[in-house]
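Working notes, beginning with the structure itself.
Which chain is which? They are A, B, C and D, in the order written, and residues in each are numbered from 1.
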């Protein structure tokens, strides 16, 4: 496993398993001289934390973070920022529960592939490194990236757009931003949100789970981010989001629906808004030729239904190579879409910051002189 | 622009513009001792070459390649393989045609973002580096990757699954492979293919263009490819495909439709096929926990309608910052899905090979001892 | 600062400052299934730890490490191994001592360059990230790399070859290995070692410090490591060693003395030792064409005299831009050569392992089938 | 071999063998809008070209370059610049000469290590990729890097400081720059130069060769370049130089002689030159804490004697595993120090530019606002 570092100019490196001692992330490329308090990172972690709602996992992790390097007397120094989150809800009863089924593939989980790859020694406890628990480290890094981007007015806002067929109605950016945190499902359309929560409760009662679609919008991204031809902005944003557990697809702007459109419909027509070049539509999701064009970056990702269900499933015992039955009894989320929102935002923010630094240098990040005729919207 | 290298263990680096002297690609990590003839690469390039069908661009590029390094007396040496493709259809009349509109944003193209990023000096001729012409270099590299993968029995097969709403019916892998090359649209369902071609001819007559969806299947991929947590197989395949011009979305297995499923439906159930572990369904697209599971890798990508149309469009003159009209008169494709098939296959092959080398070392690639109990299907 | 990750296939990422909360290192690419106890890492850390000898710094850091990820029930899992070392000797009196002189350049230290680079916000306490304290994280990673290499019989042995003009006499590999740890100066020639210690005590009494030369030998390295043309083995070993604080030069084999030799003297002549190809001399330091040749890798590095001295020095106040005087009063090492030995070994081991994994794949590292006709020496 | 890409923000990728069709280099990260003529690159290539002096190889390569991408109507576009140099002096007689001895290790060359690494299929002709011929591609890339650096006033000047014990006397930067190109040995001390040339002629008459030491000085490098802790400026400059064929050591500033100094002698004392902070000595070679300090970057590298000699040498036949005799009859250089000067300069320039871009962003490279109080010297 040598895939635990992400980014080129702004780089994050993470480690930690579901039932290990701790998760940690090292964030490299942090500009110097920025005030940074532990609480700012904690606030984002609290958005992802389990155990706060009946539709989420009941695992009781407090997800308290410690910032142990890169900050001196309240300010960043330019040195890498190290953040640690200790696992606390790892009682032996849970470990033993996993031990009893350690040789049986849990359908939808990664036991088989980890066992193949890691010489039968994969960590079988709570999915080990394959657990969604690792995303806490992403969220911590994302909190830093968001704060740096915010200094240039860049905002990254995610929400649940669809859950098991229930969809959020179209809304303005401001309405999305202002309403999405009002429920644990993070859908800004509060009518749809209520339906989603009810649906999650219903499938939970059946012992089942559901999937959904998240949309993430980045506003005020300066035109110019993205490095053709292989490090286009879509390519790296897509990579970042597809690296999140359970994500099986991403699309930008109008996405897969472009397959049913004509060029005359799909082309985003430029116009002048004062002396600023803007586009009348955003089918391209704010990216042309792999480079941001100043419009909102709009990307969606599909989250598959949580794999852990409370229904008997056929399986295979990898040790004996015999058929087996698997019935989940471990703690689980009826859906993970709501908690995945800060994770998706984190990967978008980290990727945008990496591109901003590649282009402008990390020295310039705090003082980006945006290219005219671009300017942040009022 | 510092994004022209792709991959970590198997690495390709490309350059070249639409109307420059030549395209080139350097492929690093080629195993030594493999026979390699120029014609093997040429055969793949001929699949992508324009000017061979009325639904493709009439530009007459012969796309003849030269292998100028890394091969000695007919065999690879382990040194990087350099491949060059000269541009030939670059007469001054075409250049002048572009010059006349060089300050006007061609809707759907990258003039604006390139101009912002590259200090007003972007190559305006035929979209320069942003042109789909660069994909010839990808195809050349893909030909090498495919050849190396084929030694382990790995096959990469792409086709057009949907064009402007017309869809290919479900077919077996063998039927897809054997029929897709029978028409220029590369749809293996020959009834649908005929409809697609007609649709492309119709929209061409309107001066318009259409988009579509490609599916790429990789068969006999050994379980174990993918490097969690950031270099998961979906993440890097997604990056590779999203770096292709006009691609605006990717999905694996059941993809976005997973948003409407329950866990009990979406989980791929393992079973024993003799002593080989297999899965009864493939909603995950052959990847669990970011690592290949031995089933077919199945990925789809959406290709937006070709941006160049022969219909007047509103635009902006970037030099004068005045409104402008743009009417395309340059050569164009009514659709690019058919020609995009070898490009998509190339990015999948290059990415799989990179992961295979990362895991097994490039020394072992030609002699992969696949982990038991996995073995290629009969 | 985005330079805190090292390596391509085996990758380490580090953070932490002299007076921060903790140092940490994440080691990515660890093979699965290897037993690993905290004590094995601690043993190497203890070799580098300060406060154990009058010629070293009196700072009392216990350098106790915690392994908080990547190990499950005593074995590695393939997930990245996270290691943390808390700083303990960081009393406020020491911090205040640094605060008093925070705007004055300490000659030989990095205050000026850090201040230029990090917008005046550099961590002024104990040199912050520029302190040699960060090398504890390197040593922890090196302990892991050494253990993995040892499974293939590869040994990495460093020692002090010269201190302020006093040189260790030529000795066999075995004598070096068996005697170097007998004194705190880590010189295996015990007569020279005694003189070196005396010299260090003498200059310490003068308030001064001395530099020296370390040699590091890697034995049983299989032929084939190194990736021409830019990632040659010398290039990456050189990079690794030159990244250590205070190192200002490296040389391989006969090194700079080659400038005074003829080709007929400098060429290492091959011969047959049974059916193994060996070389009669080792002027090349075990590397031909950037690739290991099976002979001992021999590299030396020069360590400049410790910058912190107890003698008044002219300097400049960076805040006032006025001349200033600087008299060190902080804790210091009279020499750091002895403690630098495990650091140099660590960088050599990490680099060799990275190359071994790049070539053979990390999957194969534990079961390298060395190319015939090479075999480890008896 | 996956080591043919160098750099992170400014990146070069090279290919080509001694007797292949051509050498090529792709330079990624070139700022847009810079005038660039083929002749500017050719001028640097001519400095490295063989066949121009009796002390160099008589091989008649014209080294004419073609710039085939990244330049449009005389200016760079921001797209990667592709450069090709065709091999021309590759007559069959030379190839057959190499064929006759292809299984015999040429002492000092890389046949054995390449054969081990590349499965017996290594290119045996003229050393293949291991030949110094590949350095032409480095020089072409270096020409670009130098031109970009020159826009900020940064100059990179190399010369031969020592040849087989004959040393150049200490001289000012200006005298070095103005005199080094006056002789083919590129030693600015013209008395020493004459002695060096005579020594080379003498050893050539004996059938032998000699080595030497090159010094490279970079002037007007802004303080702030270098990325602690692993990508320190010494680390990456050292890597770049140690990747050049025949280089076996590098040292910065006072280098290995620091081993005989005390801290009070070795510390570079800062002082004020107006409002600019300067240093009274330069033992550190212009680098403190891995970051440039505004003084001249001074680095030396040792070049081993050319391996190809015209004297019988014992060897081994790798195919038969029998002792063999080897007598070189191929074309060779009596020394390569003079021709290595532009190669060393190229690697220094490419590395400095990479660091400048990492820090400032490639967007800002042409308009670096150097940090006060630094300014270029008069």
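The rule we apply is simple: a residue touches a chain if its C-beta (ideal position, glycine included) is under 8 Å from a C-beta of that chain, and two chains touch if they have at least 3 such contacts.
Nothing here was measured: the structure is a model prediction, and the numbers come from that model.
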Of B-C and A-B, whichever chain pair has more C-beta contact pairs: A-B
Relative to chain C, chain with the most remote C-alpha centre: B
Distance from the mean Cα position of chain B to that of chain A, given in whole angstrom: 26
Centroid spacing, where centroids are CA-atom means, of chain B and chain D in whole angstrom: 38
Whole-Å gap between the CA centroids of chain B and chain C: 45
Interface hub residues of chain D, defined as touching at least two other chains: 1-5, 9, 14, 114, 117, 129, 224, 357-359, 362-363
Parts of chain C lying in touch with chain D, wherever the complex brings them together: 1-6, 14, 105, 107-110, 112-114, 116-117, 127, 129-130, 134, 162-165, 203, 208-213, 223-224, 226-232, 234-236, 238-240, 242-243, 245, 247-256, 258-272, 275, 277, 283-285, 287-293, 302-309, 311, 313-316, 318, 321-323, 358-359, 371, 373-374
Residues of chain D touching chain A in the complex: 8-9, 224, 357-364
Sites on chain A touched by chain C in the complex: 1-5, 9-11, 13-17, 19-24, 26, 28-33, 66-72, 75-82, 84, 114, 117-123, 125, 128-129, 357, 362-363
